[in-house]
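Paired with subunit B in one complex and with subunit C in the other, subunit A is shared by the two complexes that follow.
This part shows the complex of A and B:
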């Protein structure tokens, strides 16, 4: 329990660090939201400086940071200049879509990678093993953007799936199941792109960690008793292979989020990705910082979930924890 | 080009006796161990257990013989799943498919109790057996539910012996089973091996590079060098009048170790 508490404290400290760095870097970055207005002769410099002071941008950095922290504690995370609303609700409405996409992709990735990786490892050197290795090397070496654009082109060419957004324009007239089906169809393409890229990596990890276990003397011993290969696989290989796999789960949660930004932009999925791109280009300061905070939160959350899972799965970690006290 | 790790090896072990396979590392001892336990399939040759040649049997036909031949590994730490408790380690061999016994052949049948202990069910019986085995190898059965991480090297090797004995084997293959242990533990386990051999009329294939240890345990010795058997015979004969250079080298190493020890203990005294 205290292990989790320690992790929480560390996570909070990390979030404070990230936010401080965000402020520092955005301060150092050239340009502000009002630069374009300044070029416009119809807007007077007085108006702009009035706007600046209204958003508190004329205050020194420390004061702004203090105010932001205060607003973060009220779960607003500052104010978006472009949208003219508090950042957090705005981000959250988009983050829900991102989570829908990434969690679907994550589940599918694991549902595919674990069985395929274990299967490939159990027949090392066989046809399936070589096919999996080859395919995953290919998918890892081809940049995700190329896969995304290629699939997008194929989908457009053969009109297999709807493109862009997460709803059809006539969705209001449909029944509930019709709406769900429409959503799933829109979800399909970005999900497939994400799953392809992630599965390639995770299959390889699962395969190699299972192989490592299968070589261990205790597995050989089990074979010597005459225990069936299937039992060896489930009793010995899978639990041990689960360790690196679960640690990876944390990374892949974080990875899916950053990876999904690109996919969201390419497929027009209304998640955090397009919002963040837009906010960065227009220098919507607090929205950018809020987005980074969200994604740090996801990353930390992913790591935390992985650690708690490990704690639950591996008796050895629990023991080390209690020995340390 | 495929490399033959071992060729031209021929030995027989009478029931209830110990044959020691000695040789430098890399001489092919472990390959023989892995072939005898059929963790590996030899490319050619015969492995006769009583009168059946198991060398080329398919996995399914091999099953009835597996329980008769058990191996104890050098490294007791990696030879057990570190997530298991002592009980889980010992009872694992018993989880083999109970149907093996139905499929049966008389060989297995006359070795097991009438009580059913195999397969997933019968957990109580397995527990009882594990209890008895732990006492037999000299570990307190109170520790049955402890994780094996809590056991020392010597204790783990005792557990490994208990595990190997669970299937009531006739032949134990001890692949450097005493090498990783300190001298006093080694001596204790050697004594345990001698006791077990007497009480269960076990046959040992002892693989070692340590001639001093071998002299104590083995009835006969076979010396391996570069994948071939170069010398063999009764232990006393091989040790007192070695013929082959490899044997002399091993003897010299054992003598150096002994005289070093004598020098140290002499110095202390």
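This part shows the complex of A and C:
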């Protein structure tokens, strides 16, 4: 599959680009993790310079980058200065929770927005269409932080759902199904916040791409031949409209990851978000870079999945791929 | 839908003018604390007293009454009424940052206070803080948008106009920026900057970082337009007459991108306001005592505050109004 291979090469190139960009930024930035230590009279300057050389921060940029790449190839991604452990395992333990949250939100978003978007487009100008358009343009405009804080206020006030963390403190005594239920209850609030914000975006795109196809001459021709509207919609229009919608998948994952970072901090979900914030506040350089790498890796992974789906759904791309060979 | 666009622009202009003259509209200073009035609820406006109905509303002075170990409740002192006055002199502020002034749109005489949206934990007037904080947040959004559009416009035109390897490498870089979750990226860049900075430097660093991260999308749009108009006949004619590249870009190509850039601006401003708000909410942006919608909201990270003092959600309301107006404007510009 040369198409997939090309995409893979591009993704790897992008990852290299992202990491190079990160290191360039660290070079330009004034101050390091050890600046806070320097304020402390109990730590001698010799200790700090010893620590600096131990973490390789006194080396020139290219040497540091080379070492980091080496460590990335050993799946370490450098060393966290604050936690004193390799970055990758630390990030991975949190990334699992972020993935759980974002993938749940992603699935729910698409399960809601595809039917609603298609339905709204199929009765253009109707009551439902106008309601969906109005609601989605409102929800798109409202910043996700506001949605999060507002919903959190409602949930805290009326004690609808448990808040903070992933599980209740007394979870150990529960059966497996009880644990699952507990997890789902904790998952509910952050998921709803994410789904609300993202669905508004995706519904719009689904609706507009279906509308565009419905205006195409071949659909008009199919209608003219007297094919039933329902069959025109599902058999003729949808497969074509799927292409632009599916290619959104990668972008929607990027949006969800950004959103989820904020939501995790607000709701206390132990994902990458709070760790990343903590690393930013303590200027834990390699942990921050690792967090950016993880998030871009997930985004690119989402893009790859979208590409594979497109390949399966759209014969035009398959043909283009074989032409290139 | 010209009339709709006009209404939206008028409403947005209203919001910006109110924020621009925050010192005049706000009855109090944003930083002045009143330790006697922590978490005071919004002041009630009265029209009726013992002597009957008054057309001019008035307020009573409130006092915190402590009862045992409870947080205490606010009670109105009904013995003396303070009518709401318009155009009175109060705390001093700088009009448009230049001219010292102390005239306020409305207020009441001390010791009574008119607290439209209550106070925060330090007894600072929330309404005044929403206005002054809005100045910071909206200015951050506007500056960041300007930076993003400038960078995007210039790089996009260069890529579209010169084509070939310049185009390919620049578009490769935009892809890099677009494939990153922006909040992670923003936080990452913020991590490389010093944590403690003066408010002014934070503001400029923050806006330039937000703007520079966002240059990719406008750059792609501008590039598309430039690419399609590069070989139009009038451009070729201008070149034939010996016009320089810079002249052609400035005179013949750039004007075509204005429509797209305007729509992008309406789209980006609320996004960048939200970016500033999110960063300040995390404690990485504009820091106390300078108010911004973000650091005002961050007080709500404590659940007890979130539940008990609902009026502290006011910055969120102001944010919604601003963002929705901009969002609808972007919609109408885009479709019309």
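Convention: the second predicted complex is superposed on the first by the 325 of 325 C-alpha atoms of A that agree within 3 Å, B and C clash if a C-alpha of one lies under 4 Å from a C-alpha of the other, contacts with A are read in each partner's own complex, and residues count from 1 in each chain.
Keep in mind that, in the parts below, a contact is a pair of C-beta atoms (placed from the backbone, for glycine too) under 8 Å apart; a residue touches a chain by one contact, two chains touch by 3 or more.
These numbers were taken from a predicted model, which means no experiment stands behind them.
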- Query: Which holds for A:216: it touches subunit B only (first), subunit C only (second), both, or neither?
  - Reply: first
- Query: Should A:316 be classified as contacting the first partner (subunit B), the second (subunit C), both, or neither?
  - Reply: first
- In the superposed arrangement, does A:291 touch subunit B (first), subunit C (second), both or neither? second
- Could you look at A:226 and tell me whether it touches subunit B, subunit C, both or neither (first, second, both, neither)? first
- Item | Which of subunit B and subunit C A:234 touches, first, second, both or neither | neither
- Quick one: subunit B or subunit C, who's touching more of subunit A? C
- Message: Output check: A:261 vs subunit B and subunit C. Expected answer is one of first, second, both, neither. What do you get?
- Response: second
- Name the residues of subunit A shared by its contacts with subunit B and its contacts with subunit C. none
- subunit B partner contacts - residues on subunit A that touch it in the complex: 216-218, 220-228, 231, 236, 239-240, 314-316, 319
- Message: If we count contacts the way the header does, which residues on subunit B are in touch with subunit A in the complex?
- Response: 37, 39, 62-63, 66-67, 69-71, 73, 75, 78-83, 92-93, 95-97, 100, 147, 149, 163, 167
- Complex contacts: residues of subunit C adjacent to subunit A: 172-173, 175-176, 178-185, 187-195, 270, 273-274, 277-278, 281-284, 297, 300-301, 303, 306-307, 310, 313, 316, 319-320, 323-324, 326-328, 331
- Message: Per the contact definition, I'd like the list of subunit A residues that touch subunit C in the complex.
- Response: 14, 17-18, 21-22, 25-26, 28-31, 35, 137-138, 140-146, 149-150, 152-153, 156-157, 163, 250-251, 254-255, 257-259, 261-262, 265-266, 272, 276-277, 279-281, 283-285, 288-289, 291-292, 295-296, 299-300, 303
